[in-house]
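In the two complexes below, subunit A is the common chain; its partner is subunit B in one and subunit C in the other.
== the complex of A and B ==
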């Protein structure tokens, strides 16, 4: 062994020591975050695309604020809920794509040779989605405020906004992870994106639910969980502190997180048995 | 018809036939180009119909307003999806073999343009049936509707030529976002949700110079039998085609040079 190599202290798991779950999560989280930050292609589209759509919608749909009963006179502030939700959907793709790449390139197989806990693998992989979610939220907020949006809930509302972004990022990231683990294929993960996009557009993202004129659309928007997350984000901008909207947004996000974690854990178990 | 011209037509038809056969045998290649317009129609005409009640919104029916948008959008995306097929044909070697087999290689482009047109016609038929079934009020005369069709066909040609120019330059499916993004930008910065005079901010400025605007506005007027600037729309479409023919031709030259 070279002198240089001898000075490098290997991770506990490699040295044969039994590392704690927290340490394992830490290693994988650091890798996940580093990988996300090193690949601009993974986070630049998730920043640029929602902001572009926000800019287009804020100009193109500003006439909607003249509808009787529209809750604000700034469509920019209204549309921000959709922007934050869109960012979370990109985090879904990021998490799914990362694990699919790990499977396709053999890193996942090598991980299985280590005494790694399965829950640590999932938590570590989701760290990238969390960081991405918060980073996007900060960027969206700065850009929105610079272009005249108003955060009715004030500075404390910004903290809640970031917290909700993190929870939503992890929740939808866990679904991406489940898809990535189930399919082990990056193209399949990309193929799921339009389905998630449908959830976004068939929601109350563009108009308040009570102003949606078509009954069938209003029904779909009401049963679509994404509507409640969007309305939670939106409430901080146009209402201030709306306990019900925030509770629904956090509640729905945690529900999706539980569902996503269950699906990801089951998919991981199946994949480990298969390999 | 001269033998040279006959060979050119046969090569173009062979390319079109092969592409359409692949499309028919693999529905997963065709379905996205059909589902996306229907989805946008549902999301816009369904979810945003209250926007039609906004003050100064002077178009009679929001479903019809969005029907024309989706028609023009699918004209563009028919070309974009065909661009993906061209990129795949180059990536997997088929197009290179066709370059060797065809004397006048512009027949390749003609074949792909024909494929895109058939793809778009199928999508327009389905979108029109869905639009009429969900309450679109098409009150224009047959002549008006044929003019809309002509505008949409020319737009489809221009989009296909643009997509084929890019696909033949990059010759890989990895160029798909590069093909898709400009198309998306042009579509979304036209008057998508409301008439142009109701748009505020920077999109209003962009919409004024966006070539899609003339075609979209002419289509929206023709479909309800209102006076329309059809000549302007046709002129813009023809201008786009002229520019894109050159773009596609130079793309073909690049592909030939790459071997």
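== the complex of A and C ==
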């Protein structure tokens, strides 16, 4: 092409059909996973910290199994519910911080300038969080089994365990996403994290609800939706197949997911000012 | 071709909730294939204008048509036609150039094969082939800007918006980017809307320049016409003997008003233009002042900015004051 020849090539020659939402989700999910895998700081703590707390609890609180009515004689198996729930909370922070960083560093604008579909942005980020959540769950399970935990529900139970991890990851991930989109600030997301973490400690994570001696604690743990998610995870380890516990865990998670998605979509609508 | 890849802006305003009017009623027209330089200091409203023209930010009032499409009612059509490199090259440290390209092409709906071909072609075009599989975290500022430019071109836009594309770059990287932008405009007929706070950049690159200050366009035209409007060149001289400086000042002041000068020198803006130069030399000779150095400076865009706003574009008023103080001392 000679200089000065004022020719503008028709974009259609290069541009394909407008990409589908699913294609966009694929690209964004892939980026989200790649970004996590290449930054160990984004996944090592969420892998290591829950396992560390599990080790501490399993050795320090094992005497709790002597309490009359304690459902198992392995505190390790009992405490695993908390571990899986913790992993999901880390996924929350991961999803929230990722989107906040994208906003702060201008990547969000770059995406807005493409034919990005807004639901694809949310789904793409959450797909990344889900992959991370399941990867964490697999790791927790392998480590726990290696240290003598017992999965009463068996191999099929492991699949349900991963499925629940994925749903819980997406549910809490959507809350993280909503905070990230609303604030557009990584530190704000980090600041919200302890608030969510409190939910863990005010739950039935350390003791079965009927063995919590303190009345107000027992009440809060009963209201706290996180308790039901933990009990769902736990049931697979110590009870086997407990339909009610699983239904509550999945139900509560889906409820949180609906709430989180509503908040994230609303936050994105405010954030995305493009015409 | 008959393709409309120009820009028409009418009465564009943007107010922010707790701030002043960042953009305060802008009118401008950019012809297809033209490189338009939007020149102004930090905070003048350049980026806000770009954000509105690229549909990222809705205007408070006024409107604009970009490539024939209304920026308010036809956002998606505008975005189809434009390539944008915003001020912060938004690149992930952890992804390679090729991965960035694949993502960008994928979001624009290119097929895998097209994305690969187009990506490699653009990476080669901006000279990043060898670094294509390295993570962007290890790139220099110039490499990032070049990749950002390449990404903006993935979908063959007919209008390119570049928001301060060379801020923070060394001279070499800056020149390389200028060449590429010029090539895009001349051989591909791409219209370029470029913001800058560098006078040389506007001067070297832009066919036409709009000078913006406090949200308003204070001057517009080709760099040459703008400078011609200010017209008068400056003559700067330095005496061989430092003690002759005051006498030299007295002579020069007969020919124009004093301007900031370099160390040891005296400068005046000539009242009558270049034609007076001979008279200046004769007058200095008549006073028997030995001249060590004599230079004539054509007016710059900075002079235009000074004339229109009463301030210097670079370093603002402070620097000019210091200069004058030195001269007076």
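The criterion applied here is as follows: the second predicted complex is superposed on the first by the 258 of 275 C-alpha atoms of A that agree within 3 Å, B and C clash if a C-alpha of one lies under 4 Å from a C-alpha of the other, contacts with A are read in each partner's own complex, and residues count from 1 in each chain.
Following the convention adopted for this analysis, a contact is a pair of C-beta atoms (placed from the backbone, for glycine too) under 8 Å apart; a residue touches a chain by one contact, two chains touch by 3 or more.
Keep in mind it's a predicted model, so treat the numbers as computed, not measured.
Undergrad: Quick one: is A:61 in contact with subunit B, with subunit C, with both, or with neither? Answer first, second, both or neither.
TA: First partner only.
Undergrad: Which partner chains sit in contact with A:113 here, subunit B, subunit C, both or neither? Use first/second/both/neither.
TA: second
Undergrad: Is A:73 in contact with subunit B, with subunit C, with both, or with neither (first, second, both, neither)?
TA: Touch partners of A:73: none, neither subunit B nor subunit C.
Undergrad: Looking at subunit A, which partner touches more of its residues: subunit C or subunit B?
TA: C
Undergrad: Once the shared chain is lined up, is A:211 touching subunit B (first), subunit C (second), both, or neither of them?
TA: first
Undergrad: After lining up the shared chain so the two structures overlap, which partner does A:39 touch, if you call subunit B first and subunit C second: first, second, both or neither?
TA: Touch status of A:39: second partner only.
Undergrad: When the two structures are overlaid on chain A, which partner does A:24 contact: first (subunit B), second (subunit C), both, or neither?
TA: The answer is second: A:24 touches subunit C but not subunit B.
Undergrad: So in the superposed three-chain picture, is A:244 touching just subunit B, just subunit C, both, or none of them (first/second/both/neither)?
TA: So A:244 meets neither subunit B nor subunit C here.
Undergrad: Which stretch or stretches of subunit B touch subunit A in the complex?
TA: Residue list for subunit B touching subunit A: 32, 35-36, 39-40, 42-43, 46-51, 53-57, 185, 188-189, 191-194, 198-204.
Undergrad: Considering the complex alone, what residue numbers of subunit A touch subunit C?
TA: 1-9, 11, 13-19, 23-24, 26-27, 30-31, 34-35, 38-39, 105-116, 273-275
Undergrad: Can you name the residues of subunit C that touch subunit A in the complex?
TA: Residues of subunit C touching subunit A: 1, 3, 5, 32-33, 54-58, 71-73, 75-76, 78-82, 84, 86-92, 94-95, 99, 102-104, 106-111, 114, 118, 135, 151, 155-158, 183, 186-190.
Undergrad: Taking the complex as given, what residues does subunit A use to touch subunit B?
TA: 52-53, 55-64, 66-67, 194, 198, 201-202, 206-207, 211-214, 216-217, 221
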